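Questions regarding the structure given below will be posed in turn.
Chain IDs A, B and C follow the sequence of writing; residue 1 opens each chain.
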Amino acid sequence: MDMTSPQAAGAAQTDIAVEITGLDKWYGSFHVLKDIGLSVRAGEQVVICGPSGSGKSTLIRCINQLEQHERGRIMVNSREVGPKVRDMHEIRRDVGMVFQHFNLFPHLTVLRNCTLALTRARGMARREAEAVARHYLERVRIPEKADKYPSQLSGGQQQRVAIARALCMNPKVMLFDEPTSALDPEMIKEVLEVMTRLAEDGMTMLCVTHEMGFARKVADRIVFMDGGCIVEEAPPATFFDAPKTDRARLFLSQIL
Amino acid sequence: MTFDFSFALSIVPTILAAMGMTIAVAIVSCFGAALLGFLLEILRRTGKPMGYLMRFVIDFIRSTPVLVQIYFLYFVLPFYGVTMPALVVGVLALSVYYSGYLAEVFKAGIDSIPSGQFEAAKALGLTRIDAIVFVVAPQMLRNVAAPMGNYFVSLLKATPYLAVIAVPEMLGAAMEVASDTFRYAEPMVIVGILFLILAVTIAQFVRLLEQRLLASAKR
Amino acid sequence: MSFLAILAGIFEGFGVTATITFYGMLYAVPFALVFGILQHFTAGPARVVVTSIIEFWRSSPVIILLFVFYYSLPSFGITLSGITVGAMALGLNIGGYGSQSVRAALQALDPGQVEAGRALGLRRLQILALIELPQAFKAMTPTFINQFIQLIKGTALVSLITLTDMTFRAKEISQLQYNPVGTYTALLVAYFLVCYPATIFGRWVEKRVSIEGRGQRDL
């Protein structure tokens, strides 16, 4: 099943989707991100893991500037992002984000959740936008919920709607921040399945997750963070079977 | 002069006739106050200098009497060549006064929206304005229904202030009867009774509406 | 006349404003406490009577209350001074609001508190005085301060029954010399100077009350 768009395939030729160099960030006097360097090719799937408080969320939230960095450079789809960029909202339209707590708009139907940004930000006609939305709702396997409100859906269904909502914008990069950690075990599977198919279709993905089975199967690369630094970066097989650092070994022993 | 009951009864229709004006003034001012209050609160959130300025404006509005604000607009605007009918000045003054209170109501209403909603709107690439109109405002309105209802009732009870600039609402009508007949006791008692009935009725009605709204919001 | 001279002229009326506020509080506080507590305790017909009295003072517009008492009482053979009428109408109106915050604060208390008092063998009034009221006071203070500010602002109304408060002084000054902009700006500033410190104090108290609450939960 092809979930990527022609644009995403086109971006694959320009090669680098996200390029982070020398990134530093502080919360007040607390140094959360320390000299981060990370480069993600188009079509690549990167899983970010690490102990709680290591700065994973902060890092991926810097990519679409939900958090602002103080030092360093972040390029997304060959455009620099930062606090001074005036048309951030335009850049964000090409970067989908899926949150731990879904963050669906409770006052809008599932369908309207998906079409809001298409009609308002992309200026698409309502009918056309609804067709796009139904297409992606089909892809996440809940077309029948289009006219329901988020509160009428289970957690897993809500998260799949959130994924569909992001996909509707036809993003070149998808960011996931622990998309399954607020879900009951039986719902985790349905969300991971959707994400796996997305990966198979070649979507560029940065995913913070503790689902190591998913990471091993889907990721091209694991990025391990601790204390605001990237401590280790390796393909899944290497990372899981022969971690180089003690900190990674300790983390894996606790989580597996 | 003793209280003349038959005269008192005879002026009931005159004062009742002004009830429509009272209600209309309250409704229009409430919309004005909500619009202005929302604008003040949104501007208050835009950043340092503007935020402080709006904070001050809101505090200033809340720290001065509505009567004085009415006088201010009524006497000062013409001095600058802005002449408006007393009714318009009155509605404007009530809108300004209550905007200060509604701004605070909206602040609480916005603060109780989960921050994830703002983040999701941003992440989708909505502009500021679109996020306010399509994501923040509708959710805020649900949170503020109850306090807004209370302020509407309060605003209704502030409409008789406009009698001081001769707006023909209920108290204004009563004052006119009084100055025509040189009898003050009866018109004041009648307007007092009628207004009390009106205020209590509207308060009940608002409460009912609130409950309906909350019931329908529980999806 | 310079702006400062106008302001000084207006503050000549501060004595009356302060007096009405002070006497108003003498009506408001006892009324709020007594009727708030009565509403909390009573049931059935007694409660209907208590609620009706509260609603009368609370639901009538304060300007109408003032006029009714000022213009109508004499024709029933009751003559009161302007100060008394002003303080009573304004005070009992605010007291009506206050009674609602007293009742709400009492009702918000954990019923376990009363049971604990009973278990200790205290009588009902002792429980009220020793256990319920001290806790309720904390929750009530911020609302009381807000209502105090409403009272100060409300006193501007006594200018309409010819008492020479700050607003009345402003009207006199603006008649003496045609400077509505200066005069009414000064009047707004005058009330702001009086009310704003109370606003700030209220906010400080509110923060303290909520911080104390937070600390207790953290234990």
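What we mean here is this: a residue touches a chain if its C-beta (ideal position, glycine included) is under 8 Å from a C-beta of that chain, and two chains touch if they have at least 3 such contacts.
According to UniProt, the chain labels map to these proteins: B, C = Polar amino acid transport system permease protein.
Keep in mind the model is a prediction, meaning the values are calculated, not measured.
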| item | value |
| --- | --- |
| Centroid-based (C-alpha) most distant chain relative to chain B | A |
| Chain closest to the middle [Cα centroid of all protein chains] | B |
| Centroid distance [mean C-alpha coordinates] between chain B and chain A, Å | 46 |
| Whole-Å gap separating chain A and chain C, where each centre is the average of the chain's CA atoms | 55 |
| Centre-to-centre distance between chain C and chain B (centres being mean Cα positions), rounded to whole Å | 20 |
| Chain B - residues contacting chain A, complex | 114, 116-117, 119-120, 122-128, 130, 134-135, 138-139, 142, 219 |
| Of all residues in chain C, those that touch chain B in their complex | 55-56, 59-65, 67-68, 70-72, 74-76, 149, 153-157, 159-160, 167, 170-171, 174, 180-181, 184-185, 187-188, 191-192, 195-196, 199 |
| Chain A - residues contacting chain B, complex | 64, 66, 89-97, 99, 101-107, 116-117, 120-121, 149, 151-152, 165-166, 169 |
| For the chain B and chain C complex, residues of the former touching the latter | 1-3, 59-60, 62-69, 71-72, 75-76, 79-80, 157-161, 163-164, 171, 178, 184-186, 188-189, 191-192, 195-196, 199-200, 203 |
